[in-house]
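By letter and in written order, the chains are A, B, C, D and E; residue numbering begins at 1 in each of them.
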Amino acid sequence: MNENIKIRIMSLSLIVGFFVIWEVLCIMLGVSDLILPRPSEIAVTLWTRFPVLWPHILQTLYATLTGFSLGVIIGVSIGVLIGTSRVAYGVAYPLLVGFSSIPKVAVVPILVLWFGSGTTPAILTAMIICVFPIVVNISTGLATTEPDLEDVLKTLGASKREVLWNVGLPRTMPYFFASLKVAITLSFVGAVLSETVASNRGIGNVMMTASSNFQVSLVFAGLFILAIMGVALYAFFSFLEARVTGWATRGKDIAVT
Amino acid sequence: MNENIKIRIMSLSLIVGFFVIWEVLCIMLGVSDLILPRPSEIAVTLWTRFPVLWPHILQTLYATLTGFSLGVIIGVSIGVLIGTSRVAYGVAYPLLVGFSSIPKVAVVPILVLWFGSGTTPAILTAMIICVFPIVVNISTGLATTEPDLEDVLKTLGASKREVLWNVGLPRTMPYFFASLKVAITLSFVGAVLSETVASNRGIGNVMMTASSNFQVSLVFAGLFILAIMGVALYAFFSFLEARVTGWATRGKDIAVT
Amino acid sequence: ATDIRFTLGWKTQGSDAPFLLALSNGYFAEEGLNVTIDQGEGSAATVTRIMGGAYDAGFGDINAIIQNAAQRPGEAPVMVYQLWNRPPFAIVTPKSAGIETPADFEGKTLGGAQGTPTTRLFPVFAEMNGIDISTISQESMAPNLQEPMLIRGDIDGAFVFTITSWFNLIANRQNPAEDFNWFQFEDYGMDLYSNGLMVSRGLIADKPEAVAGLVRAVNRATLEVATNQEAAMDAIMAFDNLVDRENERARLNFALTNLMNAPETDEIGMGDLVDERLARSIEIVAQGYDLERLPEASEIFDRSFLPPVEARSFIVEISD
Amino acid sequence: MASATHPQPVHPRPAIELHETSVVFGSGEKAVTALTPTTLRMDRGDFLALVGPSGCGKSTILRLVSNLIKPSSGQILLGGRDAAAKEMRIGMAFQNPTMLPWLTIEKNVMLPLKIVEPFKRSFQRDKKGAYRDRVHALLAQVGLKDFANHFPWQLSGGMLQRANLCRALIHDPDLLLLDEPFGALDQFTREELWQTLQELYLDRKPTVLLVTHDLREAGFLARRICVMSARPGRIISDKAVTMPQPRDIGVIYTPEFVEMTQGLRELIAQVRK
Amino acid sequence: MASATHPQPVHPRPAIELHETSVVFGSGEKAVTALTPTTLRMDRGDFLALVGPSGCGKSTILRLVSNLIKPSSGQILLGGRDAAAKEMRIGMAFQNPTMLPWLTIEKNVMLPLKIVEPFKRSFQRDKKGAYRDRVHALLAQVGLKDFANHFPWQLSGGMLQRANLCRALIHDPDLLLLDEPFGALDQFTREELWQTLQELYLDRKPTVLLVTHDLREAGFLARRICVMSARPGRIISDKAVTMPQPRDIGVIYTPEFVEMTQGLRELIAQVRK
C-alpha cells in the first residue's frame, strides 16, 4: 500500500515535471507561442474558454464513445471469426490490413458525401478506425490459446461456442484490454478527424476553426482536452482490466510480519 | 497441404468477390465515380499512371519504413521499460495515452515548422504514430508473463536483463507481432498524412493533388497502392511471425495413413 | 417547407454573413425553405459535396464549377447568385524578399496548397506576365502553414486568398499592408469571378421555385449585411460562438469592400455577372487546368432566378 | 439403411473399442510413433488400469478415447458409435492438472456442470444453490474445503491434482479417464482417495480407464490390468484382477496381491529390454 | 567492519540455514499460512529428503531456499549469507516441469549453461560444441536422446519430468533442489534415475534437498529425512539414515530399511490426525 502511494506520487511529480520542462524550455529557447504555446498559456485559454468549449467536448465524447462501442462490437466479432476460422483469416485479414493502411482522412470525405456532415461521419470514423487493433489482438489471443486449456472443455463434449466462451475469450482478455487502450485513443483521433473535415461541432471543429485563425493556444487547448479525455478513459479501462485480468498479472502477495 | 491450398483458393476468390460486388453495386446503384469509382476504373488509372506514381511510391515506402523502424525500436524500449518498472508504468502510460489521443494531423504542422517540409516530418510522423500500439502490447505481454517461467531463470541467479531476454521477450513475441501489424498500417497513415500536409512527393501528395483536381479515381489509385503496400508488409510480418511464434500457435499434427 | 442542405465554403467566417443572417432572421423560412447550414472543407469542395448529393446548395468557387463542368457535363452545380465579383487570388511576398514586379519571381521559391485556384492558375499568370516558370521552385503545403513558412523565410511568396491571408498575417502579428507586397491576379490580366451561391442541377429541375426563394433570401440578406455589419456579426456569433467577433467583422468588411463591391455591380446589380467576362474566365481556367472541353457560360451561371436588378442594388456602408 | 429399422441388439456394445488404432505425431524425420496398431475392448462398468513405461502412449490412448486426437489409422468406438458422437458423458483427469487460471477452484470444478447435460439445462437456475453445495461437498471429500475460492496458482501441486480429480468426477460421468490422478500425493492421501474412488465406482459403476505407475494402485482399484511396452507402445499383457470388490486397503499386503504385483513387475522388467 | 579483515572461519557455515522462517500468503480472510516458523540447517554436501502430506509447505521451503519468495518472518542464509546474494550455484527441478515453450528440449536444458558462471563466460564461443555434447549426454542418460530437438509439448508427462531433472543437473550445481523429480515415472525408470542421482551425488557432493512422497526413495537416496506436519507445516521429525553409501537398490528390501520406512509411515499417520 505504502509502496503504491510512493509510486503514485513519483509518477505524478514526473508528469508535472514534464510540463514544467516544457514551460521552461519554451521560455529559454524563446519559442513563439504561434509555434508551441507554453502550458500555462494553454491552461489559461482552457479555463477562460471552457464554457464555450463544453458543448463541443460533449459532442466529441458522444461521437467517440458511440463509435468506439460499435467498433468494439464489430472488432470482437471479426476477431473471433478470424481467430477461429482459417478461411475467415485468409479473407478478412488482407482486406482489413489493406483497409487499415488507408489514411482515414481520405475516407471521411466519402462518408460525408454519403451521410452529410455532422455526427454520423464522426461516429463512423471513430468506429472504423478502432476496429483493426481489436481484431488483431483478439485473433492473436485466440490463436495462441493453449490447446491444453481447450482440451478441458473438449473432453466434456463442449461445442465450439462453449469452448470459445469458456476458454478462448477469457484467455484473450489481456490481449483485448491491450487493444482497447489503443482503440480508444484511435477513436478519439477518428472522431476529431471527421469533425475537422466536416462538422459544425466538436473539438475537431474547434481546433480547425482555431487553427485557421491562428489561435494557436486554443488549438492546444483542444489537444489538451483530447489528451485528458483519453487518459480518463484509459484509466477506466485499466481499472476494468485489473478486475478482469488480475489472474494473468498475479503478483506474489506474501504477508510480511 | 491440400487443405491449405483449398483455403487459399477460397480466400482469394472471396477477396476477388469483394471487388466484384463493389463493381456491380456501383453500376447497379449508379454511384457517381466522383463519390466512389469502380475498381475497374481504379485499376485502369493505376495502370496508366503507374510510371508517374512510381517515384512517389518509393518515397512513401522509404518514409514509412524508416519511421516504422525507428518507431519499433522506440516502442519496444518504452514497452520494456513500462512492462518492467512500476514507476515507468505510472509516468509513461498517462503521458503516452494522452499523446496518442491527439490527432497526428495537429502535430504534423509543428513538425513541419521545426524540420521543414519534405521527408523528415513524414518519417517522424510515421514513427510517432506507431509507437503506442507497440508499447501497449509489449508491456501487456511482459506484465502477463507467467511467473513460473521467470522462476526458472531466477533460481539460476539470472539478472533482470537475462530474465527479460530469455523469458519476457520471447514470451511477448505473439503480442509484439500483433502490434506490428497495427503499427505498420499506422505508419503508412502517418507518412501519408505528413505528405498531404507538406511535401512535394509521396503518395500523400499525389492524393492531395488528385483530390483537389477532382481526379477521384487517382485518389483511389493512391489508396489502393497504400493498401497493397500495407498488405505486402503484413504478409512479410506474418511470415516472420509464423517462424518466431510458431510455438504459441502449435496445432495437432497427426499423420494420417 | 422544402428542405435545403447548405454547405459553406470553409469554417465559419465573417464573409458568410449573407447566409447566416438569412438563416437567423428567418428569411429562408419566409420563402418556405427549411435550410440547414454546415461548415465546409474549402470553396472547391462545395462543388463536390453538391455533386455527391449530400448537399443541395452551397457557397463555393465558380472556377471549380467550370473545371467540373468541363469534365462532367451535366453534373456540375450551377451558380445562381454571384457574390464575390472580384477574385481573392493573389501572391503575397514579404517586402524583404525584394519582389516588386512579376519578373522578380524568377529564381524564387513559392509555396501554396495544392488545390487552390491561385496555385493552379499560376502558370497562366506566369505566361500572361512573361515569367519563365521553370526558374521558380514550388513547394506544396497545407493552407495553415503558408504564412508561418513565409514569415520564417522558407518560401519567398505564397499562393493565397487575400481575404484569408490578410487576416492570417495579422494573427501572426505582421502588418500585411506595410511589410508585404500583394500581387492580386485581377491586376495582372486574370479578371476572374469567384465565390457565390450555387445549387445542384437536381434542385433547379425539381424545385425551381425553391431556388428562386433561396436567391431572394440571400439577396435580401446580402444587401442588409452591406449596410448593417452589427446585425451580420450577431448572426455569425449565433451560428458559431467560437470565432472572434472583431476579427470576423474585419473579414466581412474586407469581403464587402474588396471582393463584392466592384464597378460592375453598379450596373448589373449584386448577384449577376457579365457573360463576356465569364467566357474569358472560362478560357483562363481551361488553360490553367488543361481542360479539354470549354463549357458554355450557360452551363456555369443561370441568372433566371435573380430578382429584378432594382432589387439588387448593392451599397456598402461600413459602420464602426 | 435397412439396419436402422432393426431392433437394437440386446447386448450393448462394449463401452470402448479400439480397432488396430495407431497414432503417429508429426512427419518426416521427427515423426514419433506414439502408438502402434493396438486393439482394446472395455465393457461397460469395467475398471481397467493401464501401466507401462514413461512415454509409451498411455496418455495418448486416453486422448484418443476422449476424442481429443484422431487416430492415424484404425478406429475408435464408444458404445459402438464413433467417438466424436459424444454420447458418453466423459470425465477426464489430465496428467498435468490444467485448471483454467482465471477461475477459482470452485468454478473450475463446476465447469462440467455448466457444459454437460443434464446439468447444463438447469445450470442458470441452480447456480447459487445445489451445484455449489455439490462442488463444496466433493472438495471437502478430498480435503480442499478451505480452498474453494482460491485461484489455481495458490494451490500446491498435490492440491491441484485433487481439484483436478474433483473436476473429473463432479458430473457423474459414464466414462472416467484418469491419467495418474494420484501421482503428486503422499501415500496416505493417496490411499484415502483410492477408497473414495472405489466407493464411487461400486456405487455408480462407470467405465473407468486408469493410467498409473503404481502397481499397487492398479491392483487395488482395477478389475483388469493392461501392461504396455516401451515406445512405440502396444499392449503386451491383459490380466484380470480376481479379488472381489470392495477391497480393503489391507489387501495390498496379502500374498495373493503381492504375487500379482511381482508378476507384473517382472513382466514390465522384461519388456523394458 | 573489523571482521572483514579477520581470517575466514575454518569451519564453513552450513549450506542452508532457516531461522524461524515462516511464510504467509495473502492477507485477511484468505490468508494461508504455508509455513509456521521453522528452523532447519543443512551442512554442505548433505542430502536431505523432505516428506509430508500434500500442501504442507515442502515446495514453499524450496522456493524460500532458492530465493523465489521472501519469508514473512525469520531469516534464510545460504552458506552464511543472505539467500539473495546468489553465491551458490543452484539447480532446481520444479514440481511442475516448466519448460520454456519456445525452446526445444535441448535448448531448455542448456539454459543454465547460458546463465550460470563459469559456463556463461564461454557460452558464445562454445555454443555449438562442448555444451551441446554435454546436454546430449545427459539427455541420453535419462532416455531422451531422440527428443533433444522436440518441443516441450511434444513430450509425455514423464519425459518432461526427466528433461526437467536434466536442467537441474546440467550446470553442476552446489545446491540441488528437487521437488518430486520422479513423481510421474514408472518404478523402473525411477529406480534407474535414483542410481544415476546417487552416483552423481557421491561423485560431486552437492548439497541436495529432495522433496518426495516416496519413503523408499527418501530412504534410498538421503542421509537425513525430515517429516513435516500437515498445513500449517513445520518439521516434526529429523532422522539420519545410517546405511552407508553407495547403496544398492536391493537395500530397500532389507529389514533395516523396511523398519525405517515403517517407522516413518507410522509417524506420518499420527501427524495426519
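Heads up, the rule we're going with is that a contact is a pair of C-beta atoms (placed from the backbone, for glycine too) under 8 Å apart; a residue touches a chain by one contact, two chains touch by 3 or more.
Source: prediction; values computed, not measured.
Specify, for the interface formed by the sequence copies chain D and chain E, whether it is same or different in terms of residue numbers shared by both sides, with half as the dividing line.
Here the answer is same, because the shared fraction of interface numbers exceeds one half.
What chain is the most remote from chain D, judged by the mean position of CA atoms in each chain?
Centre of mass proxy via C-alpha means gives C as farthest from chain D.
Once you find the CA centre of chain C and the CA centre of chain D, what distance in Å lies between them?
Here chain C and chain D have centroids separated by 84 Å.
Return the distance between the CA-based centres of chain D and chain E, expressed in whole Å.
The mean C-alpha positions of chain D and chain E differ by 30 Å.
Any idea how many Å lie between the Cα centroids of chain A and chain C?
39
Would you pick out the residues of chain B that each touch at least 2 other chains?
Expected reply: 35, 109, 113, 147, 196, 211, 245, 248, 250, 252.
Counting only residues that touch at least 2 other chains, which ones in chain C make the list?
48, 52-53, 144, 148
Residues of chain D touching 2+ other chains?
Residues 25-26, 96, 153.
Where on chain C does chain A make contact in their complex?
5, 7, 10-12, 37-39, 41, 45, 48-49, 52-55, 143-144, 147-148, 164, 167-168, 171-173, 240-244, 247
Which residues of chain A touch chain B once you look at their complex with the stated criterion?
Residue positions touching the partner: 7-8, 10-12, 14-15, 18, 35-36, 86-87, 89-91, 93-95, 97-106, 109-110, 113-114, 132-133, 136-137, 140, 143-144, 147, 174-175, 177-179, 181-182, 184-186, 188-189, 192-193, 196, 204, 207, 211, 219, 222-223, 226-231, 234, 245, 248-250, 252.
Which residues of chain E touch chain D in the complex?
Touching chain D from chain E are residues 25-26, 30, 32, 51-55, 59, 95-96, 143, 149-150, 154-159, 162, 179-180, 183-190, 213-215, 265, 268-269, 272.
What part of chain E is in contact with chain B in the complex they form?
Contact set of chain E toward chain B: 63, 66-68, 86, 89-90, 92, 94, 96, 98, 100-103, 111-112, 114-116, 151, 153, 167, 171, 177.
Can you name the residues of chain B that touch chain C in the complex?
32, 34-35, 109, 112-113, 116-117, 196-200, 205, 208-209, 211-214
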